[in-house]
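Okay, got some structures for you below.
What follows is a pair of complexes built around subunit A, which joins subunit B in one and subunit C in the other.
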Partner chain A sequence: MTAALGSAVSTIAAVCEFTGGKRTFISLLFSGLSIGSIAALAALGFLLMQKATGVISFAQGDMITLGAYIAIWWMRDQDVYWLLAYPLTLVMMFVIGIGLERVAYAPLKGRSIHVVVIATLGAALVIRAIIALWQDTTPTSLYSPLKGRDPVKIGGAAIPPVKIAVFVVTLIVVFIMIMVFNKTQFGRQVRAIASDRPTARLHGVAATKMSMIAFGLSTALAGLAGILIGPTQSVDLTLGFGAMLAGFSAAILGGFGSLGGVVIGGFMIGLSEQIVGGYCLREYKSAFPYILMLIVIAVRPQGLFSRGAAHGRL
Partner chain B sequence: MKLWRRLIIPVALLSIVAAACGDDDDDAPAADATTTAPAGEETTTTAAPVATTAATTATSEAATTTAPPELVLDEPVSIIGLYEDTGESPAAQPYFAAGAQMAIDEINEAGGIGGQEVSYERIAAGLAADAAVQSTLQAIDAAPTVIIGLPSSGQVIAAAPEIAKAEIPSILFSAAPQAFLDYEGEGGVGNEWVFIYRPRNTAIAAQQVAFINEEFAPSKVALLCVNNPFGTASCDVMEAELDALGIEVTTRETNEFDATDMTTQVLAIQNGDPDLILDVNFPNPITVFGNQLIENGVTIPHVDGASAGFAFLSGNLTDEARDLLYGVEDCLPTLQNEEWAAKYEDEFGAPPNYAAAETYDAIYIIKAAIEKAGSTDPAAVRDALAETSHEGICTTYETDEGNGLHHAAVVVNYEGGTINIIKELSF
Partner chain C sequence: MAASDSTTGRGRPVGTLKRPPVFRGQPYSAIVAFLVALVVFRLVWVDGLANEKQANTWLLYSVLVIGFYFVFGVSGQFAFSQAAFAGLGAYTSQWASKNHSFWLGLAAALASSAVISMLFALLVKRAAHFYFAIATLGVSEILILVFEKWKSLNGGLGGEVTNIRDISIFGRALDSYGEQFAFLLVLLGIVMTLGAWLERSPFVRENIANRDHEVVSKTLGIPSLQLRVTSFVLGSVLAGLTGACWGALNGFIETLTWGVELGLGVFLMLILGGIGSRWGAIVGAWFYTYIVDFLDKAEKEFPSLIGGRQIVYGGVLVIVMIALPDGIVGIWGRIRRPKAGAARQASTPNWLVTLLGLKRASRPEPLAAAETEASDDTLTDPTSAGTAPSAPSAADPTSARASTAGDGPALVADTIAVSFGGVKAVAGVSLTLHQNEILGLIGPNGSGKSTFLNAVNGVVPATGSLSINGQPVRLGNSAGVRKAGLLRTYQTPQTFLHLSCIENVLLSTADRRYTGIAAAWFLRPLMLKHEKARWARAEAALERVGLLDKAERSAAGLSYGQQRLLEVARVIAAEPTIILLDEPSAGLNAAETQILARHLRSLRDEGISLLVVDHKIDFISDLCERVAVLELGTLVAEGDPVTIWDDERVINAYLGVADDDDPVGMDDASATVATAATPRPASPGSTGSEA
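This part shows the complex of A and B:
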């Protein structure tokens, strides 16, 4: 036992460089929380849609991209102030989500679930092509009032305000979502559908309406993720792809079981990439979240936060 | 079994592959961003003295006066361009198509080549290697006089063998060392039918080191390399050049072409306390990295390649990050040939970049080669291309022993929000 422990410590010492002290750790921590926040938002979108409709939408990544481009369109092309442009973007994304439900999901009711999933992939390609024709493919930028502001000093580390904002906004959204799903009639109805769709319908739950709202909310969450990550990099057609992968992985870590589970899954994705990857084998850091995901699939296929057959819970 | 469970394994594998593998498309307009354009070129010879602004004003018409005026061709002249135009993919840029079209229109208005109107067709060649091969085979089927295009190294490496088999003279746009005829390592695809019109990545890398040594005289340098053959090959050259100059490499970091957070790289570089950063990257990572350097209080020069221009144009760099950024451009027509740049902007409504100028030049190089060959016979045109000496928009193209045509570049910075030429390079 002692020998194995010693061997593990030697291996870690060989591949990891614990340099930079507290400053480096705090920087990596906030970076991980910021990346994890975006993954959590994307995962929430996956979870919400999957629970209400049974569908996993692979258009989620392009919806993130679309959200950023719509915000750019409001502010740059329509000259709308950011404080109004951001909510308008979310409203538009909600409506687009409902439209997607009508076009890519409703007509396929009764078909194999695989057909519906492929339809969401098709929708993703259509959305990407529309963005390219509408806004061009040249990388552009999304305004944020926090972009370029002086970093906040925490424990000697310089933390960009944008990263702090991403984390705080995500926490607020998660809190609101938990309240909505636990305290409102809508939440109870979605949970009922997730638990037992036929029985819920027999009890008068309007499954079609729930499905439309779930698509709308899920798409609005994607739009919010787009607004949050857009200012941190150049905006182009691939903006949302990485976030979608991270979100899907977070949902798997959380076991597609509970809202809190996928959020924690999101933060695990971000922190494993930044903290583990920040100190050990930095060249492979972007693979760490997915290695973690594979380990979880192998060891606990129902996810870290699901309890056996309790997948119907939200 | 629940759907999500069935999907887990394939999606997990895809995720691993996507996360762990870099893109080979160093040169092409990125996706990376996004938009990509590689940097760098070949082995060094001499660096031209510092120049501040523009230079060549010669137009291509003046440059193509080598044609025997009495040339009359019996056979048609056709050129196929293998590149995308705006909207055809996330990486697509308008410059290749626009530059070629501008030259074709001028040539046809002036009577064509040897009395023959030049027939020109563009085939959208995707960045993926298989898509590039498919487009190349489609072009080969049409049996054109010359093929041009394939902006990415991955495309050229995949398609060059097909061109060799078809024996069609071609001017391709990759800057990867493997695409040149005199490449001696494994995986070389250069052949007598393929001519390359961009400067070699590795040559640019060596020139960048020479530049920073002269300009900044650093004692410690950090390297940041995008994780693909372009980044690795260029950084290997830089590391060797730095070593030869006695400059310490404090850190060598890598990133994926689609990286959206560079905190780990910034912190590792900061902990090494370098005087300067040499970066071989794609536009979006340059933007993220540049901004995060400033956020972390790292205010040292950040020298990148051709992608720096795309990062600058994206408008996403903070002022401080922008002012510390340096780039290398094959050609900067708006400063090096203002007359031509103005003409281009009149026609297309936006200023040209190096890709537009080089594609424009490529068409005129073909014209000169056909006129020199006196026919459209593939072997004769190939042999004429091997003796090219053509004054283009920014530089004079001369064929070297590797079938490389382009031997110049400019180091620029973006201080104050304008592009400024710091030094002209030639090799």
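This part shows the complex of A and C:
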């Protein structure tokens, strides 16, 4: 017992090493931003779907995996050039999302959202199984035009271009999403449905069309996340699960509210893992996003950037 | 309702009903029979090492899923963490038993799972449903990471631990599958008995109430958070127990075992077996054990089928949810037609099904629609049979009340304000309810009457101040309000459809001693004694409203009017000093309304102060000494029921223009004008049933 206590104390004393200087910090910063980008993309998918349909989909993680595998299939098996393969993947994911809406959401319309959530859980297991049957379970890798390029020097730190690309693409997507939400008819309709579904329908918002588009778009976002995350690690069936959990955490930090809040939540998730975890308790760094999420649920269940009533109690 | 039915109900003196459910049934013989059947099963059907091992796995899963039954089935908490807490038990146990006996390891496993699950549950106490589910996913990931990385815990091999100490009893190690089976049999017997004791105590009933309607439960004095945390910790400790035995029996653990697959599997087992009982957990565990085995074999045989397992899981999950909402155990219940009294498993669909909207709970039509229901046998006339002095609630609670109720006003609400977004539903209302008074509160729809009650009652956030019987009570503290002696009824009856009528009433009884888990296990005689007293009080309250003959029927089988009466009985059994009634006469015909008025007067005569919100002007005028009028969230008039109608503001509030002062016309007009008035903001009272 005392030995354990002693080792705990010495562990705590030894957990944080602030070494490496500016270069390490910048490199951790970019790792954090790229991981945060993936979390933000996953969270945006949840948010879009949740706003338009009220559903939080547990299939989102396996959709990320599926996106990566579809991209692999285009580029490795079909020898399609990446510039063409990426859009093809996104289009396929959009169509698959509409299919998911038809299979797992539309038949259950009118029932409580909980049953749809359990249906998405079932769909997640089925998608994972289909990937396993289609592409088998051995880990593989996803090609990226930036893979193997010379690292970019920023402030003395060598940053792999893949990580920069993830961050930049996410910023562009977020910008487009904010524009779409605020400036287009589609965005207004989604916001109307989110604030009062029956009234929105009475005012002529085609809820069915909206939910199909929302499922399609959020699945395409998952596909994009898959394309971006795939080249940074080895691709296997569990690729999307961690990203989904990070996305959940990001969405909770942002309070399932504004797009911006969720994106900042995503970056906080990535930075907490890379920067906090980069210096302290390195072995446990993947726990930091969850710890951050639990703290937010405990202290501010309505999210950090959400005004008004707590969404924590559904 | 047949006339003969009601006469037996009314004629039966209180206290002659069968024993309370807590005292009934043969749970112990069922457990013994099951254990004997297990022994027979083991001796007759199980042979070969693989099968023997599998039988043991089944029993281990059973304990794990019985734990989950308390978390998810009874308490309604969506937790994915059951498997991770089993892992916690396994890792702590192997660590603590390294240089000591298994039993020390077991103790460490139970302690660590209890402490960590309690800390977790308290940390995320404000999260519900999805948030709670996601939080349990998060804590599972953290725990598994710790199992994998913490070298002092796992010995430094990345979470793979071998040579875990065997279970030994009196120095004899259990190293054959047969001995292990015997050990697990005893363990399961103990867990089943502890579970049966909980079923035979107020614990499960209060959990069900808290699960179905947390807000209403709180206003009845049920300690919501305490129940949720207790159930979660109980389930997690059973998981820790499973994990400790798992490690010791297999001699080997790895982190993979405790991941999300088993977390989902636990869900699958309980839903498959039947969410409504402990037996469902055991049946589901049996299926899962053998399905997993079957799929493992199939995958070995046909490697191309790898992943087929998930399709089966996913498919089974969805199909069971839709086709077999009560699980496999439910099939048996369907064949054997449920008894009328068995509220929990009878006609009402299980709570998850109701929650998921797969089937509607059979909430009955409003009384107005079912005209056959309406006659004065639904309401017992208090002057004839109801308040018989033999009823315990009529005599002693009054004296108890007299001592608690002081001389000052019963209720002082000062500048109560509630706003929903930008809408001020209640804008600074000050109202005083005197001792022994019936105060009417009227106003058009949307004037803030129900919201005012909700604010006083503590179920919507509000500002202002409140004092009950001279004691200041913080706004929003619904438990404190109840403790101070204030109870209420709702505009839409808020009864617990998965409980019997008398269980509904039992929830609110003031005596809450020995209702907890410790009393259910260690102080059973005391618990049973108090339960008997509570039961008598609840019976008396039911008799008073004329529902005694339905005491053990499911509350879901009551008509709309009867649900209201059940709410009144629940309020009476709570021994209140103040009762707030929200439109008690809605859906009642003229005769029933008069009987209701007599009931309310007799409550007043016992020393209770009443605040009655209603739309029937003649009912209010007849009943109340004083009437207050709300319009658009502010108090526009207050006075006696005769003069109040001369007040121009009141007439304007109701009619818009002051033309017609004929009181009969007023009544009609109020009904029509009221429906045309501004929409009322959502209140927990009216939306609770949908939430």
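Methods note: the second predicted complex is superposed on the first by the 293 of 314 C-alpha atoms of A that agree within 3 Å, B and C clash if a C-alpha of one lies under 4 Å from a C-alpha of the other, contacts with A are read in each partner's own complex, and residues count from 1 in each chain.
Keep in mind that, in the parts below, a contact is a pair of C-beta atoms (placed from the backbone, for glycine too) under 8 Å apart; a residue touches a chain by one contact, two chains touch by 3 or more.
Not measured: the values here are computed from a predicted model.
J.: Is the arrangement of subunit B and subunit C around the shared subunit A a clash or a fit after superposition?
T.: With subunit A aligned, subunit B runs into subunit C, so clash.
J.: For A:Phe186, is the partner it touches subunit B (first), subunit C (second), both, or none of the two (neither)?
T.: A:Phe186 contacts neither subunit B nor subunit C.
J.: According to the stated criteria, A:Trp73 is in contact with first (subunit B), second (subunit C), both, or neither; which is it?
T.: After superposing on A, A:Trp73 lies clear of both subunit B and subunit C.
J.: Of the two partner chains, subunit B (first) and subunit C (second), which one does A:Ala4 touch, if any: first, second, both, or neither?
T.: In the superposed model, A:Ala4 contacts subunit C only, not subunit B.
J.: Check the residue A:Leu294 against both partner chains and state whether it touches subunit B (first), subunit C (second), both, or neither.
T.: both
J.: Could you look at A:Glu283 and tell me whether it touches subunit B, subunit C, both or neither (first, second, both, neither)?
T.: In the superposed model, A:Glu283 contacts both subunit B and subunit C.
J.: One more residue to check, A:Gly122. First (subunit B), second (subunit C), both or neither?
T.: The answer is second: A:Gly122 touches subunit C but not subunit B.
J.: Looking at A:Trp82 after the superposition, I want to know if it touches subunit B, subunit C, both of them or none. Which is it: first, second, both, neither?
T.: The answer is neither, since A:Trp82 touches no partner chain.
J.: Between subunit B and subunit C, which makes contact with more of the residues in subunit A?
T.: Touching more residues of subunit A than the other partner does is B.
J.: Between the stretches 60-68, 222-230, 366-374 or 402-410, which region of subunit B is in steric conflict with subunit C after the superposition?
T.: 222-230
J.: Which parts of subunit A are in contact with subunit B and also with subunit C?
T.: Looking at subunit A, the two contact sets intersect at 56, 114, 117, 128-129, 132-133, 136-137, 237, 241, 245, 248-249, 252, 283-284, 286-287, 290-291, 293-294, 297, 301.
J.: Can you list the residues on subunit A that touch subunit B in the complex?
T.: It is residues 17, 19-20, 24, 27-28, 31, 34-35, 50, 54, 56, 113-114, 117, 128-129, 132-133, 136-141, 147-148, 151, 158, 160, 229, 232-238, 241-242, 245, 248-249, 251-252, 256, 274, 277-278, 282-287, 289-291, 293-294, 297, 301, 311 of subunit A that touch subunit B.
J.: Note which residues of subunit A are touching subunit C in the complex, please.
T.: 4, 7-8, 56, 110-112, 114-115, 117-119, 121-126, 128-133, 136-137, 237, 241, 245, 248-249, 252, 283-284, 286-287, 290-291, 293-294, 297-298, 301, 308, 310, 312-314
J.: Show me the residue ranges of subunit B that touch subunit A in the complex, using the header's touch definition.
T.: 2-5, 7-9, 11-12, 15-16, 18-20, 31-35, 86-87, 89-93, 227, 253-254, 256, 258-261, 263-265, 267-268, 270-271, 283-284, 287-288, 292, 295-297, 310-311, 313-316, 318-319
J.: Can you check the complex and tell me which residues of subunit C touch subunit A?
T.: 120, 123-131, 134-135, 137-139, 141-142, 145-146, 149, 152, 260, 264, 304, 306-311, 313-315, 317-318, 321, 355-358, 421
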